[in-house]
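Input: structures, listed below.
Next, two complexes with subunit A in common: one pairs it with subunit B, the other with subunit C.
Then we have the complex of A and B:
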């Protein structure tokens, strides 16, 4: 059973998808959604007439108000399986070809599970997947003739089942789009919006982080006074509370960032951002579709890489997979906030904004370089339907925020908790501080990082950060916490590290090796370790060069 | 709104926001020095001024710039209120006073709130489908 969800306001385009599904199978239910908005716009949809014309059950729904949802469930339970049925006929010439091809395909045992007529129609449309499946390529592409027939049928159906106002002049969405998607203004408006989002993330979370921090401090001192053995006290207070707590302090930032992104998505602005950036991306031989994948990377690089499956052009897909890890994921945000807050105070928000901007610039430039060096691919064209602007609903935003943000909490309770214990052990044995195993790892790599001015604590935390980027925060607070006789690990860091080195470290964290889950998904999606090695080496080279440039320029200033 | 009124508002608000941008970027009057915020306000000013580049007879296009510009100004005002509230709360939690006249940026805050009436008025001139 398939439910096709149509948009009540754009029913013509929604029915086109429905017809394509109906060509494949008959057990379909049409849910005409957003009917509340259609009514506001003066549209009246006769579901009985629509159902009669299409020969399938039709339910009118509104996801926003819940209207029709129960009816939809009932219809789904009652509906029976059925095979595809013909609603309209194409021109005589095309019908003859369909019949001949369908007959031919029906004789092939390997194609027996597919509908012959559907395979024939798809072959005449030059569908790549069906051409590969059948091994047949039609001489002429009949896509436009087939589309015209479908649209003629849709018009006929709608003429009797939908009544409403004729559209006159511009609507609100068109008026806003005229400015928001402007060739010049669009980019600057996008940058301004993103800047405000990061500033809000930094500002609003301030008091909440402060509350969590003081709560954790109280818990730490309570447990510190209650636990007897030194090693156990150190494990609980410095390792677990210090390590996991250092991450938990940034939970408000993560949730506020996702809430702000949720507002942008719910309101319909984010697809416009993709549209605006599409022009820029095209010059880098990428399409707005790649940008949408990259946009997901602001949440998590893994989902960003997995979403590249929607990119039809293989070379463009590989380039997008290779450059997506440069997009600053939410796991890197706690590191940025810790260092930026410690070293740059109230200007921390500006630093974080610049890091995000740098991540976009490096991503785009890398795409250009990889395209020039490795591939000479052409970007796939992007056709996207811009949704209407909507007033965001609180329930949707809360759902979006929780859905995205809870992974961060889950990670804190699993990977980061485990990593904190391991890091504590490595920094406590065989002797605490500079004689520990963690110090040995950092010192072994120290010569490589002399030009960048990174200490062994910073280097070791980078090594552990490959497991998950948030671990860098736990590592830094554990390592520098060891020196803190009075005051916090952050105060020790402020004394031990110069602002130029701190900024250079932030840039390195932004650009260096992707985390292990990202590398694993890169292997899965590309099917080759070649791209994984390339990703590791290329990102290290870029991170080192840009961090060095930042350190040198910062030193001169 | 007539094309003449729209153009006048575009010019006046464009100039106002360019002035506010300079004021915020350099921290001249009732505002802390904040270059980045100054640039964001300048973008708001250019939304109005770009409207003047549209053809005079294209009143819908000019009105669009006034609508989006005034909504953006309103958002900046709300943003400023949120920042001020967060500063107050952070100070309250930490037992400090982080608020100052400059941190509030009164010119930006009040301009946006007043301009929001224009946005509200203009919305009615477009259909909502």
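Then we have the complex of A and C:
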């Protein structure tokens, strides 16, 4: 059972999709949506006439007002089988070809689950998928003629079932478009909108994050005082609350970001923004739509990957998902600030700026490389419909925000929780600190990192940092804090690590393996572990080679 | 004249006369209404010249030049700069408020009749309402006309 949802204002195009679905010979119900807008525009749709002409149940709905939704549900339950499909004919010449081909395909057992006529039509359209399936290639491409016939048929159907013409005159949508997609103003509008979104997410979520942080802290100290055995207290307080808490702090940030994104998408601005900025992305063989996703990555890579869902082209989506972890997210900033502040003092700002620049350069280059590796360097296309502007509705934005943000919470409750426990065990057993399994792992990996000059403390914190990048800060300070007889962990680090090594460590932190939540959504959004492995191996290779280059150059200076 | 979609000017309309689309996008574009004989209008050009917004079957669709160049349209409009001597109707003035205002002072506005007297390399000599004017090629390029 298939429901084709049509746009009441633009039924002609919606019916084209419907006809293509009908050619597949399924059971189809047509829902003509946004009827409230169509009425405002002076269109009158006769659903009985439309249903009679098409031979399928037709329901008129409006998702905005809720009209017709109940009826649609009833129709779905009642008519499990639709009675008779329309049968529209192509030109005689084409029909003859279709009949001949369909007859041939029906005799092939391997194709028995497909409709013969449909296979024949698709073959005449030179459809790649069907050609592969049937192993047959039509001598001439008839797709243009077929499409024209469909549209002619649709015109005939609509001439009796839709009355009134769309009003034309001064159009608010066009007026807004004039400013928003304007040559000069358009870019200005784009930059201001993005700026406002970032400001909003950080100013509103800042206090909320602090609230969560202090809440977790007092929960930790409360539990710390009331739980008996040492190891259990450490597990709950340091392991679970510390680990999951590090992620929970980002919840307000992510929810507000999605809310802002929801408003932009609902109102119809997002596709326009993609349109304005598209040319810049074209050189990376991506489109304007992925630019927006990447931009979100400066906040959090998880939200950036989740926002790729609205990129329609699968190829481009995969590339965007794989490169966006290179965008320096806000979780990496604490690490940068700590190390740059410790080693480079007042020049720390320059170092952080360089890291952000490097993050952009690596993202751009990786987009090109990954596109070449996985997709042979084909550019993406940018065929996008610009929807009408709509006033965003609170209910649908809430739905959008919750729907996207929910996954993040689920991850915090499952993968992150598990990882936090594992990491805690590694750092607690058999003995805390430099005798722990974590330290052993760090020492075991040390030979691999000799060229980079990383100590086992640094390596262990990198291992922990896979759970969440900001964990690197706490584990570094814990490890080096153990050595400090007097003074802070920072002072010990300043003595133990050379500036060149510190710098290459920063580069490594920027580029190495995406954090666990990011990997989890990568799996979720691409639907395959293949891309997760690719992401891990590719980013490790990039991080190692760039960090090595930085160390060598830094050592010479 | 027949031009690829990618070469139309803002506000210009045309009828699709031929499509030579790459296979991957053909079905998508057919579904959006890009078929022979359909009227299409170039609504807007993006800030960096690419992509462009086209209106087809009542909706706005963005296409990049690399796709739009494979769609040929029959337009009756040409820029004044490539008009041979003869009488033309002004379809639109493809420019900002300033250019439109200046052209209005010459009585060159949408719907007005313009007679091209001579089209030389440097400038275009036109006659409007019995007055003779000289337009630079740059100006003439932005005045889109169709034959009467």
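Throughout what follows, the second predicted complex is superposed on the first by the 290 of 557 C-alpha atoms of A that agree within 3 Å, B and C clash if a C-alpha of one lies under 4 Å from a C-alpha of the other, contacts with A are read in each partner's own complex, and residues count from 1 in each chain.
The criterion applied here is as follows: contacts are C-beta pairs under 8 Å (C-beta built on N, C-alpha and C of every residue); 3 or more make two chains touch, one makes a residue touch a chain.
Since this is a predicted model, take the numbers as computed values, not measurements.
A.B. asks: Using the touch definition from the top, say if A:175 reaches subunit B (first), subunit C (second), both or neither.
C.D. replies: It touches subunit B, and subunit C stays clear.
A.B. asks: Does subunit B (first) or subunit C (second) touch A:276, or do both, or does neither?
C.D. replies: The answer is second: A:276 touches subunit C but not subunit B.
A.B. asks: Taking the superposition as given, does A:189 touch the first partner, subunit B, the second, subunit C, both, or neither?
C.D. replies: Once the two structures are laid over each other on A, A:189 reaches subunit B alone.
A.B. asks: Applying the document's definition of touch, where does A:490 land relative to subunit B and subunit C: first, second, both, or neither?
C.D. replies: Neither partner.
A.B. asks: Is A:211 touching anything from subunit B or subunit C once the two structures are fitted on A? First, second, both or neither.
C.D. replies: Once the two structures are laid over each other on A, A:211 reaches subunit B alone.
A.B. asks: In the overlaid three-chain picture, which partner chain does A:9 touch, first (subunit B) or second (subunit C), both, or neither?
C.D. replies: Both partners, subunit B and subunit C.
A.B. asks: In the superposed arrangement, what residues of subunit A touch both subunit B and subunit C?
C.D. replies: Touching subunit B in the first complex and subunit C in the second, residues 9, 182, 184 of subunit A appear in both lists.
A.B. asks: Please give the residue numbers of subunit C that touch subunit A in the complex, ascending.
C.D. replies: Against subunit A, the touching part of subunit C is residues 19, 23-33, 35-38, 43-51, 53, 57-64, 66-67.
A.B. asks: Could you pull out which subunit A residues touch subunit B in their complex?
C.D. replies: Touch list, subunit A to subunit B: 9, 37, 40-41, 167-172, 174-176, 178-180, 182, 184-185, 188-189, 191-192, 195-196, 199-200, 203-204, 206-207, 210-211, 214, 350, 353, 388.
A.B. asks: Where on subunit B does subunit A make contact in their complex?
C.D. replies: 36, 39-40, 43-44, 46-47, 50, 60-61, 63-65, 67-69, 72, 75-76, 79, 82-83, 86-87, 89-90, 92-94, 123, 126-129
A.B. asks: For the complex, which residues does subunit A have touching subunit C?
C.D. replies: 9-10, 12-13, 16-17, 20, 125-128, 143-144, 147-148, 151, 166, 177, 181-184, 186-187, 271, 275-276, 278-280, 282, 379, 381-386
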